[in-house]
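What follows is a set of structures for review.
Below are two complexes that have chain A in common, paired first with chain B and then with chain C.
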Partner chain A sequence: MARAALLRRLTWQLGSVIELVGETPRVKSIVLEVPDWPGHRAGQHVDVRLTAEDGYQAQRSYSIASAPEDVNVVLTVERLEDGEVSAYLVDELRPGDGLELRGPIGGYFVWSELLGGPLFLLAGGSGIVPLRSILRHRAAIGSAVPVRLLYSARSLEEVIYRDELNGQAVLDGVDICFTLTREWPEAWRGFRRRIDEEMLEEVSWLPEEQPLVYICGPTPFVEVAASALVELGHDPGRVRTERFGPTGG
Partner chain B sequence: MAFISRGFKGRRRADADPSRVPPGQYVTDDFPVLSAGPTPHTPLEDWSFTILGAVGEPISWTWEEFASLPHETVTVDIHCVTKWSKLDTVWTGVSVDGLLEEVETTGEYVTAFSDGGYTTNLPLEDVTDGKAWIADGYDGQPLDPEHGGPARLLVPHLYFWKSAKWVRGLDLRVEDEPGFWETYGYHNYGDPWREQRYSGD
Partner chain C sequence: MEALDGNAIAGLLLDVFGAEMTTASGTCGNCGAAGLIAEAVVYVQAPGTVLRCRSCGSLLIVLVTIRGCTCVDMRGLSALESVAVSTDDA
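Moving on to the complex of A and B:
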């Protein structure tokens, strides 16, 4: 059954942009109405395709920010330096525009309640996007699986979904820590450095608690986080990673 | 009528030969990393490479034995299913043909297996006749663990997930069996020129 479902061909679909939400100076969420959206699992991504008038096309992959339960499909995109597709999505796209996408894609970096917990989510920069989908999904289904999130950002201004995450943090079983790596307010009580083994030891579940770990961020962040957790005694088979950049995308 | 993205002009790279870039891909000078889990760090003294499965007698090489096999240096273009292509990458490795010479097989498929549990499946004919290597060098240096070191499979004519990182052996099979990404909805064969990214493409 599962195998048959996977074999369904992923066709390009035309979504329409309902709203654009500025998350940080370089990041926007694109709220899409996708008429034939087949549904997705928390953590999956889509391919986006742009077509110029002369037929030239460019494709990139973006994580889905919305939960399966949300009415609309939301992509959250960071404008990269020289980003051919991300610059268009962040600077040019307007409500009412169409956007071609196909998906959902990826069956490994996903969480559903069957997989249990406890959960340890680690986000570097815009790596928060698929983890936000997991957090929203967990809240939407009323799951009691305890979750800790460690989110590393350059500054408070660059924290994506800040209000929503602060709202999540008051839910039972949700623990959210931030670390700011470049700038922080004077009274900042969170961490003030790049993640390291000491920070992970302080924040993470004990290896004996067998957390399921999801790490998403730039490659150096993921390498440090995953290696440190394995070093601390966590089972590599329970550490799932998704990396991005530097790709100039 | 084909859809046009309002206001999208695109930026074609003038320095990349379009005939070398498969559909839906863009050329990057970086070397991005994609893996599903932590990077394994197997000490070389514990490393071995094994051919097993539908063979008369499995055969293994220690790191020392592998390192002393004849190596080739090849310059190839690589294409990742996440859309980036990198042209003229230079690898050093042992031709899979040379390794397979040591065994008799009735298998027509191969599953490459890696440290960390990763697997990927290919038809045997896609790793023979000079089409695949076990690469332990990149750009004149030992292959970095992030990019699959100490050794990875290199099958440049297929999407790069088929070039299994941290490869530890080849399991020859009479019947094809989907590997890791292949069971998660990615294409069973993965030809970039036919844009076989996902099941059904």
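Moving on to the complex of A and C:
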């Protein structure tokens, strides 16, 4: 069985768009029905392929936003400047359309309860997507693993899943902090700067508590966060990272 | 051009190797550092896909796809091992 799974080839399948949810002005969630979806683990992603009428194909990798327990597969996509794939997904896709995808993919940036915690999740911008899957999974299975999330966004308007995260924050064992890097409301009580070592020291678990850390965001965000945590004494072996960039368009 | 990491090409590697490779460990033929493929520095818009060592920056793997055929150059690796990383409970 394990052997068969190991030799599994990825096959493209057609998902059908059920709903599109506007999350922020530049970000949409695509709710998909995928008939033969084999199930996934929180944190995994899929490859999406678009084919033009002339046969030209473009392929990108997107994190899965839904929990394994959710009925549908949800992708959350940010429209990037000049992003040929993301612009189509955010602006052109409609309910009823088909979307070619393959997955789930990736065995590294995943969390399951067996791995334990405490969890420290760090998101930069749309890096929140796979971490949202982890948070939803944790809630769905009733896990008691304590979790802290630090989410960096440019402005409150650009915070993805804001209502859902506020809902998560009242659950036992969940702490959520935001930092806004460009604009903030006058009465904003969260952080007002880019992440730095001082902020991480204030928000993170102590190194002695041996948190399992997941960092996802643009490459510079991930580099700063990962090196600051290691500097603070966290075990690099318990820090998992996933970087994305404009090349993900 | 901004560097990504091995997570971004998990699908491509699965295509080529027939197995999940981001949890495999690669040893750099130049500096000897061993690291997970997920953590390698990856450029996806070079001619082809390029993986570099996170410790010394040396070339580890180059993958080039031409007319549906993917050529893999792994001369930069001294070892590539599929290790049981604790991430994989499937």
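Heads up, the rule we're going with is that the second predicted complex is superposed on the first by the 244 of 249 C-alpha atoms of A that agree within 3 Å, B and C clash if a C-alpha of one lies under 4 Å from a C-alpha of the other, contacts with A are read in each partner's own complex, and residues count from 1 in each chain.
Quick note on the criterion: contacts are C-beta pairs under 8 Å (C-beta built on N, C-alpha and C of every residue); 3 or more make two chains touch, one makes a residue touch a chain.
Values in this document were obtained by computation on a predicted structure and should not be read as measured data.
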Clash-or-fit label for the pair chain B, chain C on chain A: clash
First, second, both or neither for A:L171, with chain B first and chain C second: neither
Which of chain B and chain C A:I18 touches, first, second, both or neither: neither
Partner chain(s) touched by A:I105 [first = chain B, second = chain C, both, neither]: both
Of chain C and chain B, partner touching more chain A residues: B
Contacts of A:L50 with chain B and chain C, given as first, second, both or neither: first
First (chain B), second (chain C), both or neither touched by A:I141: neither
Which superposed partner A:L115 touches (first chain B, second chain C, both, neither): second
Chain B versus chain C as contact partner of A:R41, first or second or both or neither: second
Which superposed partner A:V203 touches (first chain B, second chain C, both, neither): neither
Those residues of chain A which chain B touches in one complex and chain C touches in the other: 6-10, 47, 61, 105-109, 219, 240-241, 243-248
In the complex with chain A, residue positions of chain C that touch it: 1-11, 14-15, 18-20, 22-23, 36, 38-39, 44-45, 85-90
Chain B - residues contacting chain A, complex: 2-12, 24, 26, 28-30, 32-41, 82-84, 116-117, 146, 180-181, 183-185, 197-201
Interfacial residue positions of chain A with respect to chain B in the complex: 3, 6-10, 14, 47, 49-53, 55-61, 84, 88, 92, 94, 97-100, 105-109, 219, 223, 226-227, 229-230, 236-237, 239-241, 243-249
Residues of chain A that touch chain C when the two form their complex: 5-10, 41, 45, 47, 61, 102-103, 105-110, 112, 114-115, 218-219, 240-248
